[in-house]
Structure formats: C-alpha cells, structure tokens
Amino acid sequence: MNVLDEGIGPLFMDPDPDKAREFFRQKSRAMVDKRMSAKEAVERFIHDGDYFATGGFGANRIPTAICHEVLRQGRKHLGYLGHTTTHDFELMCAGKCFDRLDAAYIVGLEARGLSPNARRYMQSGEVQVADWSNYAVAARLRAAGEGVSYGLTRSMLGTDTFKHSAAKVVECPFTGKKYAAVPAIWPDVAAIHVHYADMYGDSVIRGISIADYELARAAKHLIITTERIVDDSVIRDDPTATAIPFYLVDAVVEVPYGSYPGNMPYLYFSDEEHLAEWLRVEKDEAEFAKFLDRYIYGVSSFEEYIELCGGQERMEQLRKIENLVRE
Amino acid sequence: MNVLDEGIGPLFMDPDPDKAREFFRQKSRAMVDKRMSAKEAVERFIHDGDYFATGGFGANRIPTAICHEVLRQGRKHLGYLGHTTTHDFELMCAGKCFDRLDAAYIVGLEARGLSPNARRYMQSGEVQVADWSNYAVAARLRAAGEGVSYGLTRSMLGTDTFKHSAAKVVECPFTGKKYAAVPAIWPDVAAIHVHYADMYGDSVIRGISIADYELARAAKHLIITTERIVDDSVIRDDPTATAIPFYLVDAVVEVPYGSYPGNMPYLYFSDEEHLAEWLRVEKDEAEFAKFLDRYIYGVSSFEEYIELCGGQERMEQLRKIENLVRE
Amino acid sequence: MASDYNMMEMMISVAARFLEDGKSVAVGTGAPCAAAMLAQKTHAPDLVVIFEAGGVAPQLPEMPISVGDSRTFYRGVMAAGMVDAMTTCARGQVDYAFLGGAQIDKYGNINSTCIGDYQKPKVRFPGSGGANDFASFCWKTMIMTVHSKSRFVETCDFITSPGFLTGEGAREAAGLPEGGPYKIITDLCVMGFHEETKAMMIESLHPGVEVDKVRSETGFELIVPDEIGVTSPPSAEELRLLRDEVDPLRLVIGRA
Amino acid sequence: MASDYNMMEMMISVAARFLEDGKSVAVGTGAPCAAAMLAQKTHAPDLVVIFEAGGVAPQLPEMPISVGDSRTFYRGVMAAGMVDAMTTCARGQVDYAFLGGAQIDKYGNINSTCIGDYQKPKVRFPGSGGANDFASFCWKTMIMTVHSKSRFVETCDFITSPGFLTGEGAREAAGLPEGGPYKIITDLCVMGFHEETKAMMIESLHPGVEVDKVRSETGFELIVPDEIGVTSPPSAEELRLLRDEVDPLRLVIGRA
C-alpha cells in the first residue's frame, strides 16, 4: 500500500478487524435481562486503562450518570474519545480519569464558553493527544462497525489536524484521488443515553442520532442508560424505530433525567444555570474541589445529584423550557 | 496506489467524486412542489442510455409504476443496477430496457423460482454484465453517498464474483489486511417507493430500509413513488422518521398500491397468484407478449393495471393477508 | 423414533441441531428458515435470526416468501437495512449462515451465477445476492441440498461464494476473514471439512445410505473416514414441531 | 438607513446577504445561525439550514445553544445524524458554512486548536469539531469575527481547518475538493480572496472605517484594491427582523 503521507499523532487502539471479530465472536447474543445500576455497570464494564467513549453531543443526550460513576469509582488512565464532547469532557477532566485522548471537540461548551478546568488539564501536558475532525472520528467508528480497519474522508487533508492525527493519505485505485485513511476504532466500552429501551437493550432514540448509531456498533462493551425501560412488546410494536439492537448491549440502566444537566430532546432542556455554575466554580481549583465533593463524590447515586440540583421541581421547569411552555 | 488484483468486469459509471460534486452543486435545494404523474416523472428524469436503479427488495416495496412507465415509454439502452432485484428485474427484461447491468441478484424471484424471460434475455449475450455481491453494491452506493470514490469490503475476495466485478484488491495502510475496493456508483436516476412523503419529497419508510437509504443518497435524480402524499406538517411532527430528505428528490408521485404485485409492509402482501402468472406466461414468448400488451403496454396508467388485477377487491384481500387476518 | 419422515424433514432437523443457543444465524427463505425456527423451538430459544434485508429477531408468523418481505421483521426487535445486517456479519456477530447453489466443489465453493461462458451463459442463475457476503463474513456456513453428481462437482463453472477456495490457507491468502463452510447436509449424508486440507469429508450417513451411494452421487473424491456415524433421524418431537408449528402449511417440508 | 445598529447586527446582516436562495448552509450557534435565519426572512426563504449533529431545515423557535440541541431539529424535515449531515456536505450538497477560530492567516486557514506547543499548549481550544470537515467539503466558507492583529496572523500556530492552505493550487495538491473561504466579515470590513493567488483582500469597508485601520489590525499584508466599496449597513427592515424575529432575546446581537 502506497502511503503518501501520515500523521504523527498516537494511535491508541489496534485497528485490526480480525481481533475485533474474535472479540465479537465471543460476545453473547442471548436475549437476557441486562438491567443493573449505574454503579454495577461501571464496576463490571469500565476498568482502569480501558478506552471509553460517551454518546450524545456534548450536553445533549449524554450518559451523565455513567460519567459520575466513573469519577466516583475513581477510574484512572482511561483512553477517551473526545468526539463532540462538552459537559461529558468537563466531567472526565474533573476526575482526571483519562490520560490518552482522541480529540475532535474538547474543552469547550459551545456557545457557553470554555471549561477552565478542562483547559488546565489539557494544558498540563499530562494527556497524550491526537487530533481529528468530528467527521473523521465518526468515520473511524463507522469503519469499526463495518468490520473494516479504516475509513476514508477527504477532510483533514493539508492541515495540522491531519498532522497530529494518526491518519494516513492514500490514493483511490480508480481515480487517483487522495483520501485521509482513518483507522477504525473499537472502544473498549461506550455509554449511550436513550429515550427508552427494553431490558435486553433494544433502544430507541428520538431526534438526531449524532454518531451514536456508529458508536453503538463500534464499542466492544455498551452501557445503555435510558429514561425508562419499556416492555419488549413496545419495541416489537415498531421495530423501525430501534436504533440499537440488544445484541450490542451489555448493560441497561434506567436513569430518569439521565442526560441532566444536558438536554434530552422532547423531555427536558439543558440546565443552563447549573452548567454556568460549573464554568464559574472551575475558575478556582479549591472551590471546584468543594463543588465536586458536594455534587459528585459526596453523593451515592445520580438520583441524589438530581435532588441536589432541585429535584422534581427543577426537572419540571426544564420540561417546560424544552417544550416551549411560556409561563 | 498498489493494486494487488483487479476484476475484469466492466465499470459502467465514472467513480470520480468531483464530477458528482459538480452535479450536486447544481441540483436545486429549493423546497418546491415536486408532485407529478409517473408518466411525467419518467419523461423528465429517465432517458435512453441513463443508468437506472430501483429501490426495495425484489418484490417488496418496489416502484412498479415507474418500471411500467419505463416500458410503456420504450426506454432503451439503460444501464441497470440489478441489486436485490426480482419482479423489477423481470419488468426491465420484459421491455429489454437495459443493455448494461451490474448484477448482484437477478433473474430469480427467490422462493418463487426463476424468470424464464429474464433468463432468456441474460443468456442472449445482448447484455454487458459485471457481477457483485449484494453488500458490495450497497457499499458502492454508500461510498457515492459519502462523496468518496470507493468503499471497502472483505467479501468477494478470492472468487469469480470478484473476477467479474470491476473491484480492485487494496491493502490497509494500517494492518496490511486486504480489501475489495468497490467503486462508488452514482446512478443517473433511481426510483424508490415509500409509505408516505410530502410534496417536497421528504419521505418515510416503515420497516426495513434495505439499501434505499444509500440509494437515495447516491442517485443523481430521485423519483419517489408514495402510497400517499401527506402535508409536510406530518413530516415535521416526527422528523426522526424521515429516511429521505426533500433535497435528494426530483419527483413525488402518489401511487396507491405502488409496490403491487409486490409486498408493501403493513399495507398489502405480494400477489402471489399474479407473480406466479408472470412466471407461467413467460415460458412462451408469444403468450408473454400478449400478457404484456394486456397488462402494461395496453393500459395508460398504473391505476388501470390495478383495476385489471382485481382492483379494490383484490387489494383488500392482500391487505388482509399482510395483516394476518384469517377469514 | 419416527419413521414416517421425508428427506426435507430430515435435513431441516439435522441442520437445526447444529445451531447453538445464544448464537446468531443469517437465514434465507425455505428450509434454512425452518431449521432456525425449529432450533428456537427445541434447544436454542436464544438463537437470533437475521435477514439480509434488515429484519432482526422477528416473531415469524409464517414462512417468509422473500428475505425482504414483511414477515422477516414481523414483531422483530429491529427493522434495519442491508448495510446494518451485512456489517453485523462483517464485524463477527453472526455465527451461522445458510447458502445454496447449483454447484458445490470439494472445498465448499459454490456456484449460483452461471453455467457455461460468462458473457453468454448456457444457464444464468441469480448470482451472489447476499451469499458471497455471508460466505465471506459469517463464522460457519452451511448448505442444505439434494445430493447429485451434477451438483457436487470437481470444478465449479463459476465460484460465486467462497468455501475454502483451493484448500488450506487459501482464504487467509485471499484476504478473507476466518470462517468458511461448516456442514453440508444432503438427502444422503452430513459432510464436514477436513481440519487441515479443508476438503469435504463424510461425517454421518443417513439411515440406510451406503458410502458407495454417496460416492456415486459426488463428482469428486470425498474423504471417507474409517468410522462414519449414522445420522439421527428427526425425533417425534422435532417432526411435531416442524409440522404443527414451524411449517403447518407444509410449504417447505411438503407432505411426508 | 438606520444608524443605531451595532457591529454584530452589521456583521450578521452582511453575512445574510451572501446566502443565496435555494442553497444550503451548515451553521453553528450564535451569529451564523442568526445570519441564516435573517436570510430566510428576507431574500432566501428557500435557504436550507443544516446542523452538523443531524438537524435539517428546522423551524427554529429560538437560537440554539448547541448545534446538537433539540432546537436544531425542532419541526425539522429530518433528524438524522452526523454522518448524514457531513456526507451531505462531502457529496457537494451544502453550499455555505460558517467557521470561527482564534487565528486566521491570509489564505483563510484557521486555528481553533491551540496556541504554543501542541503537546503542552499555552492555550488549548476545542479543536476542529466539525469545522475542518465543513472547510474541506462545503463550496463556500465564511467567517464572522472581530478584527484584530492577534486574530489575523501571518502564520497560524496550528492549522485546524483549511482555507487555501499555501495559496493557488494548494487545496488541489493536498487532495481537498473544490471549495474554500469565500468571505470574511469583521467589525471593520468585508474581505474576499484574490482569484489567482488566493490571498485575502479587502472588498468593502464598513462606514467610517479607513484602510489604515484595517491594516493596523491585520498581522499580514492584505491586498488592497484601488477601488474599495463601502459596506451597506443593516437596513431598517433587517434590523427589525433581527431584533423582533430572529433574536428577540438579544442573545446574539446584544443591545444596540
């Protein structure tokens, strides 16, 4: 294979499709009850050193409860996929959980500003980084889900984003066109938050799927957090709606408001006040440490966190904002 | 680019992504009323020599009305994508409409047997053919929709299917694994039958999508036939359900029972008696010619064909079969 | 033991037994579908059935006529598309697939494309469809077919779907993933493949069938081990399930 | 002509005018989204808005906070995913995109990744997000930004997203599709790119702005044509639409 150019960024995960196939060969396809707590899901499926990825888009439909558990259980030396990450990235930095990072969108919270703590962590030199574009990462996940070792994109070419990625430039055997060949990535474990799922893991997402279709098919282990668990007859009544089938899933965790303080389409809007509070307290490391103790390390479950953040009353306000109910 | 091996099959369409981009650059994105008759859609968008593709899976959710019009309007020298084609292929052969063929599944009607006329046509030597697997064709369409000139699959390797395709063997720049590189294909025009669409072309498919998601994104021109046209508020009420957005679509044709004699999931089952009749009459060329005159050439619209085939009464029977209503 | 079974019932019952619980199988219409359904009703309730057009784990109300008809996702857990079905195979999550063809050679390669000259064939068949993909991607592929010399040939006119190609090491050399033919179930016997040479070998003969009969209906040299078992015919329970539940209209199994 | 506009209103109004009817635009939050909405309410009702996370043609009830929040597909015609949005760009169906960044060089290359050493940066920014993809795939990219010497630099510390790279022919040589920067809209002027050299040039100065002011706020040699127009400020109607309909909460345009 003629490689015309290659990035100098680190390649954290083996893109060998046959090793992935061997893993998936062993993974059970049995339709069994996979319900468990967030605590148990993290204990069983996320280990120190694993490569971890979170679904959703920054502060929209993110698996917050799993991120909190990762912090509470003190996971360290994770690899992390910084793909369209905002509040989830902020959380992972708060716990200094990862030291290897594929970065596509990190440290920012879009229109809300940049996370002071995430920037401190990323500027510390403690994290080994490769940079990518959002689509390049989606293409890496898609390639993995397709059982091939690389995908193709014409983005990244000619830039430092390419240079600091682990992509390679190849030529089309038909047209001679150049492509960035991006290596498939099979994360060890991913967490995705969905609208509803049955106890086997068959999951439905309402609204944009972002890159979760691809992530679900690439991840070796998959934790689903769901607003509610439904009987599998609900799934079977409308199989067209299923985005993630049970055989991809290892754990099903029922977490109402599970994307909080992020947005969950149709159900609740993001809590902009709480997200602003994060950005504010992060400016001072001591204050931030106290904040984390109060909201994450000092509670035993995500339910407690929701209570601390205003509980049902606040959730009801966010439901009204989401649904454009003007008071 | 090191090419390790290559098929000897003809490559009918240019896989240059920049030529495709130039086409799509010019294609309007305006949200305008695209409703028209099947007759007009074929007149405007399917021309002699064009490369044509049909959606659905053989005799399931196929754009029968468009195929009939192609015959009635005497289209010739088409290229055709024989991907999971059964009754649609039978129709195209009945009109000898194509002389270039990418074949993945042709001449058969699955459990129903093989089409005598399609076999005669394919055995005549009049058709230039390349062979592919079903997934290879889906990968070709997917690559086109992604704006790249080739896709990758590990199928076809080592076989005569590869040899008689236009694929090439390339090596992964990361792992050295071999892949069949399959050239992107942007059909000049495709027809896809859907459950409902608005007048702009936003379309919803219920049940399996087969390769229509990919085909819709690869085709330069796209004709949608739909069981019913709905107000665009129906689409906007549930944008998650949309499979095909309006900007891909050139024509929207309302055709109730448009997949007949094929199956339309949830609405009507295939008419096995009529499909068996096709296979029976095809055995005798003269009888088949009379049959075609009666059912296709001798009628002026698909509605007349439905009437000839038993009209509303027959459709009601097929609805009951589809919905497992036992009498 | 029931004695009033026909060969289709025999083949389906044998095929069903090879399908392990908690595994997945890509099936077509007809006998393979019946085998998967029978397995689910006997030892493999957690066998996941996948159709190439996108249907996953349907509660089949009856035999599909097409691998893309509405039965293939009737009350399924997902109605996806071909890319999803095929990539599920490609990434190693589909264990079994059933294939068929007009010709099979001793390495389990299959012809379902044409007889005679490719450009102007004597007989044109459908081609690969999804068969080449299943044969390339799935871990273990199986064939159910009648046993005849015109079908079991020394050399296929056209290799549509890969078996072991030219034998040991050939799949790997071609770049195919691990996998390949597992069992061939005919109306005479069950065959497997030699662990090293990857050539076809008899594993068990159906009751009353002699080795010579198999040899005479096979167009190439079959490996015949010293010890050959006898295939267990369908049990009464298998027959009951097949006739009453799997295929009550006898579309596949016919009338015994 | 209204005189009580602020620079954000000016920039948004100017950007909106560049968006042609019947075309498509990939937008982010804030000013780009406001520009697209304003264009739809003035000359381009058929402008299709696409968000990178998958939202297509929403009827935006208010400004999104995130390009992936629920507003981005509110009563849209499709709620797809990132791959669909990005491949729509890649195959040439998205005309415009808006980009932003900490540094911009004279060829329109953008840095939104870091200042200083890459491995241990002085300042780390978000990185590409979808920007590199839009800059690579969309036909015409635009930037709205304040004009300052620290932003318009001779050399970016890191090229996150491609403009014209090193100038004429460089995109083609790198393998990028046709496309590239189209307009840079700042609080001082509108800039385009020289047809041949692909270097940045002034196209029009905002009312009251002198060329020297632009030069002094630009860290590289700008092409200054002999004839430079004056940018038309927002019309009363543009301001009314911006303030009453596009951004009534003044989240983006602030208070004039």
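A, B, C and D are the chain letters, set down in written order, and residue numbers restart from 1 in every chain.
Everything that follows uses one rule, which is that a residue touches a chain if its C-beta (ideal position, glycine included) is under 8 Å from a C-beta of that chain, and two chains touch if they have at least 3 such contacts.
Owing to the predicted nature of the structure, the values given are computational and were not obtained by experimental measurement.
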TODO: For the pairs B-D and B-C, output the one whose chains share more C-beta pairs in contact.
DONE: B-C
Task: Inter-centroid spacing, chain B versus chain A (mean Cα positions, whole Å) - done: 37
Task: Whole-Å gap separating chain B and chain D, where each centre is the average of the chain's CA atoms - done: 40
- [ ] Would you kindly tell me how far, in whole Å, the mean C-alpha position of chain C lies from that of chain B?
- [x] 28
Task: Inter-chain centre distance, chain C versus chain D - centres from mean C-alpha coordinates, in Å - done: 57
Task: Contacts with 2+ other chains: residues of chain D - done: 55, 73, 79-80, 83, 90, 137, 177
Task: In chain B, residues with contacts to at least two other chains - done: 17-18, 146-148, 153-154, 177, 179, 206-207, 239-240
Open item on the list: So with touch defined the way it is at the top, what topology do the chains form here? Options are line, ring, star, complete, other.
Closed with: other
TODO: Sort out which chains touch which and give me every pair.
DONE: A-B, A-C, A-D, B-C, B-D
- [ ] Report the residues of chain B in contact with chain C in the complex, numbered from low to high.
- [x] 56-60, 82, 84, 86, 103-108, 110-112, 114, 119, 122-125, 129, 131-136, 138-139, 142, 153-161, 164, 169, 177-179, 206-214, 263, 265-266, 269-270, 272, 322, 324
TODO: Would you mind writing out the residues of chain C in touch with chain B in their complex?
DONE: 28-30, 51-55, 61, 65-70, 72-73, 79-83, 86, 90, 109, 113, 118-133, 135-137, 156, 158-162, 165, 170-171, 173-177
TODO: Show which residues of chain D lie in contact with chain B when the two form their complex.
DONE: 21-24, 46, 48, 55-57, 59, 73, 75-80, 83-84, 87-93, 95, 137, 139, 177-178
Task: Contact footprint of chain C on chain A as seen in their complex - done: 17-18, 20-25, 27-32, 144-148, 198, 200, 202, 217, 232, 235-237, 239-240, 242, 245-247
Task: Parts of chain B lying in touch with chain A, wherever the complex brings them together - done: 1-3, 6, 11, 15-18, 146-150, 152-154, 168, 170-177, 179, 181, 183, 205-207, 239-241
